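Below you'll find a set of structures to go through.
First subunit A sits with subunit B, and in the next complex the same chain sits with subunit C.
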Partner chain A sequence: MKLALQIAFRNISSHKRKNRIIFAVTTVLSFFMFLFLAFSDGEIENIKNGVSSFYRPHWDLRVFTKEFIRLDDRGENPWEETILNADELKKDLLAFPEIKEVISYVPANNVSLFINGKKYLYFSPIAVEKNDSFIQSKYEIVEGNTELISEKNTISLHYMMKKLIGAKIGDEISIVGDTIFDQVTMAKVRVSSFYKPYFDNPNLASSFLMPFEDLQNYVGYEQNEAPYLIIRLQPKVNPEKMQKQLISWAEDTNKELRFFTQKTSSRQDQWAMIYGMIRYIIIAMTLITFFIAAFGMMNVVSVNLLERAKEIGTYYCLGCEKPFLMAVYTIEIFLVNMIGGIAGILLGQGARLIVNALKITSEEPGFQIVVGSSVFYLGSSLSTVVWIIGGLAIITILTSLSTLGKALKVSPVVAVQELN
Partner chain B sequence: MINIMYKTLIFRSLSRHKKKGRRLFVLMALCSATIILLLSFKEDFKRQSEEQLVQLRYGHLEIVPPDSPLAQKNLITPPTENLSFINFDKDFDIWLRSLPEVAEASPSITRYGIAYSLGGETESWLALLAVDAKRLASLLPLTKALEGSDDISWTEGEDVPILRATPYSIFGSYTENPDIFYRYQLRANDEGLPQFFSEISKDFPKIFISPPYQNAADDWNRFLTEWNAFLIKEDVHEWLDEIPDYFFEDYDWKLDDALWELRENTNFKRKPFLKKKVFQALYPNDIVDLWEPVYVGKQVTLQLPLINATEVIALPVAVNAVYTGFCAVDPLYQEVSFMDINAFRYYMGLKENEATEYIVRLHKSSDVEKIKAVIEDKLLEMGSDAKVVDWKHLGEMQMTTATAFTFVIGLLIGLFIIIVLIFTVNLVLISLLQRKKEIGTGLAMGLSTGQTTLLMSAEVGLIAFVSCLLGSVFALVLVVLFSKIGIPGMVFFASGKVFLQFRLYPFIMAFLILVPSTMLVSFIPLSQLNEKMPVDFFKEGK
Partner chain C sequence: MKNKIFKTISINLCILSVSFAFLYGQSAEEIIKKMEEKMFPSSRSEMTLRFETKTSQEDYVFTSFARDTNQKIIVRFKSPAAMLGSDLLMLDRNVWLYDPKSGREMKIPSNQSFGGTGFSYGDILRLNYSDNYTASIKEDLGDSWIVDLVAKQKDAPYHAISLEIAKDFTPVLGRCFTRSGDLIKEMEYSNSKLINGVLKPLTVRVTSPLDPSEVSTLTLVKEEKKEYPLSIFNKRNLSLKMEENY
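Here is the complex of A and B:
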């Protein structure tokens, strides 16, 4: 194997010119593939940092009562089933050094805002808890009270609402909606500020921020209860291990609780799923490209090897067997593909850094839907690199299978024949 | 004479070197087929997106009041509960519909409502579009019922027919048959089921006729078949008399409610579900709370908010309605249900011609600008301040997906072309090396380097042309196939698929892109010929 590798390296350096074309193609191919998938990674990242972080804020573990899960699994309404002693439970959980934050969650219902004699439909309140550092890192206050969390009985509207519904700081607004018991509920609040998400999205325009306790009270929960808790762990803590630890802790302390990690949760992020599907379509398109590139590669390799008949003949004269030569040339093709692939990925990374440094942003809803937020961002993920390298490996295998068998059928006599 | 010589030389070279050119030929054929498919996909994705917008929701044009959220530049403007109306008389309606470019037009009212099951629980929030019942099919053809009927004509005194958006999400349908019990509706696990089997079969020996049901795996199907067969039987009163007395020893309001609802019910379709509810009330620890599912023929109470309420909270209007059928929905955006505009006006106390918009569908999309201008002139003449907005504005958000795909496909096509061009340059370079004696002989015999360059690039052009022909045939087969079965995985459309249509443009584009570009890049390596003398081609080595 070592010898095959050595010969393959020597061949690459002595046939630089011939391998240049393969290198060029794999570089171009992996560069474009990288950009396509980086776009898709960026979309998913934007969604995660934007709309999902408000409606489905980041969590490592979730804590439910067993009854909540039982009802949810059977399609029954689980939202009335709550953790009744949420504050004590939070304290208990925060005693674990691995746990960084424990946040109560309150579902956001559809509400209407009655302002200046008009009732605007389809707004969503988002609860902001004082110690929720995650959600507070997702927006800035652009006007009004600069505190990130509104005061009691005040709300922070999306900055677009200033223009779209003519809201002003200090305006009195009536919020009309339903409680978890399906009863109509109303609250009077004042506009204390306008917020702007760092990763904006049309779905966030009709969302407003309100103090956690206000929303808790508004939808019908008691002060010390929550349908479930969100746990965020310290860096490098494994959620699965922590889950096991918490399960045995709950058993030991007779707590009727269930803990879910991202992997074991059946509640999926709908936005992430939609953009995930778009990613699958992009991957399907890259597959076609890989297939066509593989065909071109076969052509180049087969012509190259045809010209290297004398070299192959010499190897046979020196006593090499066909399987050994198959390994040598496969390694050669693979290495050239990989060098090209890595060059393409590095170029793509460079292009990604330049594009991201340009900080392209837009307030256009169409733009925000396409790229996932107000920021055009090219992402990067391990799966992208694995997919490109894997694709090039498949090209290598296809090329070897289709060309080497025939190309290595060379008589040792060729080695001593004159050039024609 | 010269032409004949060129032809002879080209065809002779091609036949002599056919082995070498074979792979490039196949590569170009595949590439051209892919370009054709991608261009067709792009066009049909756009076409289907437009059709979904125009034929399912907006039409090509909408005439709206000036303060309508639809008339605003920014479509994220939240709608208000109080509606503004346009009020056009019958003459306008006749004039508009008489325009030869107009396929159909109708006044409509966009509103929302909350549907409650007759049992009282909230069923769903509905986005409603009230239109002229007789014009719905021709105005928005994609609303054709997928299940049930799409006839939403309403007669005073009867339930208002609703053509409901199919209860569907991109992750699958969530409708279920209300007339039968499902396994998930029983709380017990497999070990606990036999106890429930024995309890219920003792209480109702006439329903469960073949006990014992001892184990969940073997007896579940037999048990369920007997239970479900009973649910769809017509008898009710007889069965109610058979309920064992011990169930009534303590007063249970849930049981009382369920029995009352079943006794009073006159809707034959609801009987199986109401029987299920009685069972649930009898065995609340064994059967989960039942929500009446959405099904065609379901009666609901529709709660419509007042049009011009001045209070923060005002009592809504309750309307007796029935789901007459299910129609297609835009899976990623708001799903819409339809009702008769006359019923809506009647219940909401609106005047005969009041509407929140006028939807206009044209025969051809290309007439949008022209008809928009015609309607705007007419409105000016009438002294109306109503605005005309087109489908591109109304569907700006939905169409961004199509725009993004156009961009991605454009990039992919560019990538394919780059790959083909790199390989073409490579092939011509190799040809120059391998055919140097042939080229040298040609030059020595009197061919100029220009003529040789022309001959070789014509060979490349010919390979590209013939491979495009083959690629076109291959692409045509795939286009026909995908026009029948559709390309799956397209979550953007109601059908979940993109159906390709044959059009000449992608085929022409494949030829126009590949043939000239490959011929042009072949000149790059061929330019070396100018620097060489005939004798150079006969030297040994490379």
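Here is the complex of A and C:
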């Protein structure tokens, strides 16, 4: 094997010109594949930092009552089974040094807004709790009261609403919808500010920010009551280990609670799932392109090897056998492809850094849907590198299988034949 | 002696006020029950619903099959064509909608607007006040009572209803309030006519102070008293239509 590797390296350096073509093709291919997948990584990152962070704010652990989970598992409405002493429980949980934040969560149905005598359907309220640093890091106030959390009985509308529904600071709005228990509910509020998400998306345009206590009351919960709590851990704390610690703490203190990590939760992020599916489509498309290009590469390799018949004949004269030569040439193709692939990835990383530094943003809804938010961002992930390297490995195998069998059918006599 | 008389009077007054309160509370419940017996008998009813806005008008025609003073209801649509087959069932305070395309029943919020009209599914299917609300008399107006209805459970369609009921046990005006005390809907009963030997309002006009331009009118066209068996009030029957056999 060591000898095969040495010969492969020697062959690469002695056939620089021919291998340079394969190297160039592989580099270009993996560069473009990297950009495609980086685009997809960026979309997912944008969704995570944009829409998902508002509708499904980040959590490491979630705390439910056992009855909530029992009803949920049976497909019954669990929302009435709440944590009744949420504030006390939060204090108890925050006593753990590993826990950074504990937030109450309240769900909300779509609502209608009555503003200036007109009715607007399908708006979504988003609760902002005072100690929720995560959600507050996701937007800025662009007009009106600059406080990130609006005052009681006031809301912050998405900045696009100024143009879309003609809302103004101070406007009185009636929010009408139903509680989580399907009872008609209404809140009269005023517009105190307009917010702009850092990672905006058309799906956020109809969302408005409301103080947590107001939304809690609006959806039919009492103060100090929440269907579940969100726990965010300090950096580098393992959620699974913390989960075990909290389970034994709940047992010791006779608390009827259940704790879930991201891994054990059955509730999936719909947005991440949609863009995850788009990622698979992008991967499939790039792989198809990759394999089409592979035919061209096979042809180049095949011609290359045919031109090296004398060299192959010499190896036979020196006593090499076909399987050994198969290994030598497969290693050679693989090394050239890998070097090309790595060069393509490095070039792609460079391009990614340049594009991200340009901070391309747009308020166009079409742009935001395609890239996942208002910011054009190229991401990077281990899976992207694995896909490219994996694709190149498959191409190497296909090239070897399709070209070497024929190319190695050379008589040792060719080594001493005079070629024109 | 003085003390004894004072004590006796006090005890009697206490007993009297407790009995008075008890009777008063009882009578509010009774008023509601009598009104429901009159308004919602076990029956097969033909109804129309008109929804008008500034620019449009939509009409719905449906048949309802009810028992236990509206605690169990099946609603089958006759028009518009888009609603054919999308029948409804109210059972154990849950509202189920049958989707004829998938052949499945879906649980829907009773508060969901009925085809975009001023009525919600709950207004049509959960009109059983005694089951959902605790009643108390707020005022006696001479020829009618104002009865305050407060939701017994968090899932009643409205948090509170102020219902004016005439002394002949027919509703006159219903005003629905949210938990925050805001008026959300007004239901005006009119067009009193004899139906099955009972004089009762056949039309309910629903408006909302939030959007006065939208008016929904529900009219009882025909009512046939009928006792349907319990067995037909289940989800499976939304596709089987067993009530047609009775």
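Just so it is clear, the second predicted complex is superposed on the first by the 412 of 420 C-alpha atoms of A that agree within 3 Å, B and C clash if a C-alpha of one lies under 4 Å from a C-alpha of the other, contacts with A are read in each partner's own complex, and residues count from 1 in each chain.
Heads up, the rule we're going with is that a contact is a pair of C-beta atoms (placed from the backbone, for glycine too) under 8 Å apart; a residue touches a chain by one contact, two chains touch by 3 or more.
Small disclaimer: the values here were computed from a predicted structure and weren't measured.
**Student:** Record, for the superposition on subunit A, whether partners subunit B and subunit C clash or fit.
**Tutor:** clash
**Student:** Would you sort A:Phe114 into first (subunit B), second (subunit C), both or neither based on which partner it touches?
**Tutor:** both
**Student:** For A:Ile44, is the partner it touches subunit B (first), subunit C (second), both, or none of the two (neither)?
**Tutor:** Neither subunit B nor subunit C is touched by A:Ile44.
**Student:** Classify the contacts of A:Ala187 with the two partner chains as first (subunit B alone), second (subunit C alone), both, or neither.
**Tutor:** Once the two structures are laid over each other on A, A:Ala187 reaches subunit C alone.
**Student:** So, does A:Glu76 touch the first partner subunit B, the second partner subunit C, both, or neither?
**Tutor:** A:Glu76: touches subunit B, not subunit C.
**Student:** May I ask you to name which of subunit B and subunit C touches more residues of subunit A?
**Tutor:** Partner touching more subunit A residues in the overlay: B.
**Student:** Once the structures are superposed on A, label A:Ile282 by its partner contacts, choosing first (subunit B), second (subunit C), both or neither.
**Tutor:** first
**Student:** Tell me the contact category for A:Gly220 with respect to subunit B and subunit C: first, second, both or neither.
**Tutor:** second
**Student:** Between subunit B (first) and subunit C (second), which, if any, makes contact with A:Phe123: first, second, both or neither?
**Tutor:** In the superposition, A:Phe123 contacts subunit B only.
**Student:** If you stack the two complexes on chain A, which partner ends up touching A:Val176: first (subunit B), second (subunit C), both, or neither?
**Tutor:** both
**Student:** Where does subunit C run into subunit B after the fit on chain A, at 24-32, 96-104, 132-140 or 150-158?
**Tutor:** 96-104
**Student:** Which residues of subunit A are in contact with subunit B in one complex and with subunit C in the other?
**Tutor:** Comparing the two interfaces on subunit A, one with subunit B and one with subunit C, the shared residues are 114, 119, 174, 176, 182, 184, 186.
**Student:** What residues of subunit C sit close enough to touch subunit A in their complex?
**Tutor:** Interface residues on the subunit C side: 109-112, 120, 122, 151, 153-159, 176, 178-180, 182, 184-185, 210-211.
**Student:** Would you pull the subunit B residues touching subunit A in the complex into a rising list?
**Tutor:** Residues of subunit B touching subunit A: 20, 23-24, 26-27, 30-31, 34, 72, 74-82, 112, 121-122, 125, 170-171, 184-185, 187, 288-289, 291, 309-310, 312-313, 332, 396-397, 399-401, 403-404, 408-409, 411-412, 415-416, 418-420, 422-423, 425-427, 430, 433-434, 489-491, 540-541.
**Student:** Tell me, which parts of subunit A touch subunit C in their complex?
**Tutor:** On the subunit A side, the touching residues are 80, 109, 114, 119, 174, 176, 178-179, 181-188, 217, 220.
**Student:** Would you mind writing out the residues of subunit A in touch with subunit B in their complex?
**Tutor:** Going by the criterion above, the answer is residues 21, 24-25, 28-29, 32, 35-36, 39, 73-77, 110, 112, 114, 117-123, 160, 163-165, 174, 176, 182, 184, 186, 202, 205-206, 273-274, 277, 280-282, 284-285, 288-289, 291-293, 295-296, 298-300, 302-303, 307, 365-367, 369-370, 419.
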